[in-house]
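Each in structure tokens, the structures are laid out below.
First chain A sits with chain B, and in the next complex the same chain sits with chain C.
The block that comes next holds the complex of A and B.
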């Protein structure tokens, strides 16, 4: 009875904090999306779905959505593939295993701002390390501030570099839970390495994969910092996705209502995608 | 029990006995205690109590160590003289408007705040969050294009012009016998003379960022203003692509494009760091910027700072010159401490503003004309050393042929629309379309004008 009371108390605190720090701000953002206002202190004018109509009619919204899907889709795919690969490598008998595992996690521990600034200087068109490197091959510099494709590639590579260690760690933990007997039996049955990977490793990793994929999808679709700090959405909006569009509308363009509408639509899109995801890949295997 | 406690206890008992003994009921006593507690609670908010704890909350937007120190010193001095505390919060000026909004929404607005966009001032004034400071403004003579009144009222106290001009290596100019360029041909010729691997030459001539960022908005359009370009007519119609303006903008785009060969590679990737760093490390002979460059160099490399020359952005034909406008100022918010804040601002303006300006003497170009004649301001050794620059600054304020413009102050009057254009990066994109995508002038100008129209329509 006393245990239950403690449990309910902790649960209540969690609910209260969620309501205060997540539900109320989300409600407020939703409320703003139905209002016309220049700033957070302006007198709001209720305009119903006016902001939504305006936002959905803007080509920049659809372009930003497309870029967001390209950015998140590519980074997630690369993180998963590389994460599984690195996890399998780290699960084998390599020399100085604890040290190598520790080093693998390093990019994930670095603050994003440090990574962004460091890469900017490494890509600097005059003194950057990468610039010196590509000069060996006859190129003068990497045009990440001029070509949209190169800029998008740069932010994707950066994102993969920073967040692949998280995926690696998750899969490494999953791999260590796979019983060795399964591989022994498969070897006895003459299964090739690929067959062992596809028929034993992957099914065993499926619960981890489901969760990691979900988390990475949410994080990468909403990822703001690395793009903002590296390219600020440029050049010529080539890396501007929905979070950056929402920020620019709200904090730079004096269009708070439209910025909130972009955020709300982004939230709805992500929620629908997650619902579909849960439908096709339910987390509870027992059901 | 100590004697004091014993005395208190006896006295309380006696009081209670007296009260109850006087025929009052228990209810009366409780009511009395309640009333006393209520009165005490109200008393906590009584003005005389507050008077002893008055605090002016000041949002400072100048985060350099010297500026913060000067502000804090002034605050401490004010507290010593008046008993009123000045609590200083410091934030990069670019984030000040967000912080001011948050303070208002949280119910604890700042009493004085730094702002760097007139659009922000206008929004706050329209929402009646600011108080006019007309009387304070009337006390002084001001330079041109700096007060930005809103509907006849002055809501802000500008403290510096923050003008952007071209800095150059005067030692190389002297060695090569060059003069400050009077037109675009002269500029090209100087860049050409100083670029190379020979004696008195550097690898590149100049850097002009063209990416979608504040550095481009601030440093790349001086030549365009000098060439007589305006973005709006008197009715806020976009005239950038009108036949008259399009011709001038086209000339500007061709000029910027032609300057590419004197720039380090990838100007679209350049930013503030390149403007300062490339100049200080002998990669370029010219860089656009403010007096901040000179102040910074004067601390770290004084000999090199002494070799910095300056000139204004010339027009194509040399008939006009321009500087790009920066400006910073303070506003007084409508709070319970407004009267005190106004008194403090006036005191600061008379007693400590010059000390504050001296924390970056060449950069903080005074907005008040009387300061230029004030011996206290003139007494700073750096201002004597860089007299050629301060003379140029003064000339900018008095010479009618020198244009002071910026994207965010364009238009017939102060308006948020110009601020939106600044942040839409329509003009930097025009440069990128020309210099990176090689689009025709007509296409670049039309694309920019259409984006500005869409932005101001809103």
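The block that comes next holds the complex of A and C.
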């Protein structure tokens, strides 16, 4: 075909730039994790697996890994349950559907800084609107700045609030694809609403559920900004998970190599999840 | 749809109201707080809007670095959108039109990169920028944002381009168009919705990014809005009125775009355009 040579050259340049932009940094991250560095400008010393040995021997690492699993597990479960609920609701004949759908999606579009600030303002221990609310029930305020459990609950609630619309939209699209005859047939057979949901809707949505579960796992496990902006990993490291540990090691404790090792470990966990994704959803050029 | 009883219908409307309040109340509260003066912010707990004042906005725009951050955000977002559009159109188009071994690997790497969490890329990128002497510049932030937006663009546009049959442009080329003209005049108009979706989400990702901005930029006057607003939290006693005004102004362009372009938003979001 004509013009192929031009196309090939444009393509090669674009690919080279992309590799430089994405693959090289990924490689560089691994490289850093094998070096002893106290800043980005100091001279690197190759120390093999030294950083990994140090990191794996630290209790902080294992605590952070555990907290990350608690955080991502809880947020994913809640997002999926709520998201399916919202999708079912938005799929019924409700008034002003486009508007309601738009409003339900909004939290997902907001920058995390706004969400973090607004919720901090609402949780303010003297004048926050949530504080006023819990006072009606005899509590004085919500101690998210002091109690580790409460802080963890708050970041989980915020994460669920922001990222549930992803699940809602995915399931809403999935619901459109369920053939209506299935429901008709079930109705004729006398199936209850719950039975229809459990025996028709859910099996039909299995593929959607798998992709949502994987993508949520990939993204929630490495979520950094919302936790950092809300609690900075505190109080007393109660909300510090692997990404925050990596950030603090690198930019606050000047252990660049160890920070990179923490990142590299997250990276391996992440890659396993992504490989699962490719296994379940192979790329297909035709569709 | 079968008829609902009155009870079922009220339950349904009740659920809709709960959903709307749940999703919208924090945004509503941010906006009305931004228009209250200190007296009413710290003493008035009415859930209704008012009293109304612009003091917070005046202070924010006159006494803080907010306008500078705003300009930086616009510059970085604009640069990111331009680079992303050009590169992703080129890559996605050539991947669908060229036949060579391993081309699906390109798409695979893009999808892989697209799933990357920002922080994992930010740290090594920063180290590279330090080596290149680019650290702490708006250009470095722009390039970093492209590491998210470019895979997204290629991924979305690949989906668009592969649906356009080769015959369309071959017909144009038989009629004497060059490959470039056939592309610009025939293929591109057909994929305009896709290109627009990529533009919207590249803007959105760059405009809302905090993680890259935190790692890449140290100088206050080079910060973008999300990172800049965050420094205001640390610096002064918490001036909630101004912080809420600042938040409202960051959200405003997004809300306006969402209102007018909601079709593209929903399409892009359903395709997973916002990683996170």
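Everything that follows uses one rule, which is that the second predicted complex is superposed on the first by the 253 of 287 C-alpha atoms of A that agree within 3 Å, B and C clash if a C-alpha of one lies under 4 Å from a C-alpha of the other, contacts with A are read in each partner's own complex, and residues count from 1 in each chain.
We adopt the following convention: a contact is a pair of C-beta atoms (placed from the backbone, for glycine too) under 8 Å apart; a residue touches a chain by one contact, two chains touch by 3 or more.
Note that the structure is predicted; figures quoted are calculated from it, not measured.
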Discussion item. Looking only at contacts as defined up top, I'd like to know whether chain B or chain C touches more of chain A.
Written reply: C
Worksheet item: For A:122, is the partner it touches chain B (first), chain C (second), both, or none of the two (neither)?
Response: second
Discussion item. For A:223 in the superposed arrangement: first (chain B), second (chain C), both or neither?
Written reply: second
Worksheet item: With the two structures laid over each other on chain A, which partner does A:236 touch: chain B (first), chain C (second), both, or neither?
Response: first
Worksheet item: After lining up the shared chain so the two structures overlap, which partner does A:57 touch, if you call chain B first and chain C second: first, second, both or neither?
Response: neither
Discussion item. Tell me the contact category for A:143 with respect to chain B and chain C: first, second, both or neither.
Written reply: first
Discussion item. Taking the superposition on A as described, I'd like to know which of chain B and chain C A:193 touches: first, second, both or neither.
Written reply: neither
Item to complete: Report for A:277: first if it touches chain B alone, second if chain C alone, otherwise both or neither.
Response: second
Worksheet item: Touching A:166, do we find chain B (first), chain C (second), both, or neither?
Response: second
Discussion item. So in the superposed three-chain picture, is A:102 touching just chain B, just chain C, both, or none of them (first/second/both/neither)?
Written reply: second
Worksheet item: Can you list the residues of chain A that meet both chain B and chain C?
Response: 40-41, 124, 126, 251
Worksheet item: If you look only at chain A, which of its residues touch chain B in the complex?
Response: 38-43, 123-126, 140-141, 143-146, 232-236, 248, 251-255
Fill in: Sites on chain C touched by chain A in the complex
1, 12-13, 15-16, 19-20, 22-24, 26-27, 29-30, 33, 41-43, 45, 47, 87, 90-91, 93-98, 104, 106-113, 115-121, 123-128, 130-131, 135, 143, 146-147, 150-151, 162-163, 170, 173, 178-180, 204, 207-211, 214-215, 225-227, 229-230, 233, 238, 240, 243-244, 247, 250-251, 254-255, 258, 262, 265-266, 269-270, 272, 274-276
Worksheet entry | For the chain A and chain C complex, residues of the former touching the latter | 1-4, 6-8, 10-11, 14-15, 17-18, 21-26, 28-29, 32, 40-41, 86, 89, 92-95, 98, 100-115, 117-119, 121-122, 124, 126-127, 129, 132, 161, 163, 165-166, 169-170, 173, 215, 218-219, 222-225, 228-229, 243, 246-247, 250-251, 256, 259-260, 263, 266-267, 270, 274, 277-278, 283, 285-287
Fill in: Residue ranges of chain B in contact with chain A within the complex
97-98, 101-102, 104-105, 119, 123-124, 126-127, 129, 211-213, 264-266, 268-270, 274, 278, 283, 416, 419-420, 423-424, 429, 432-433, 436, 455, 458
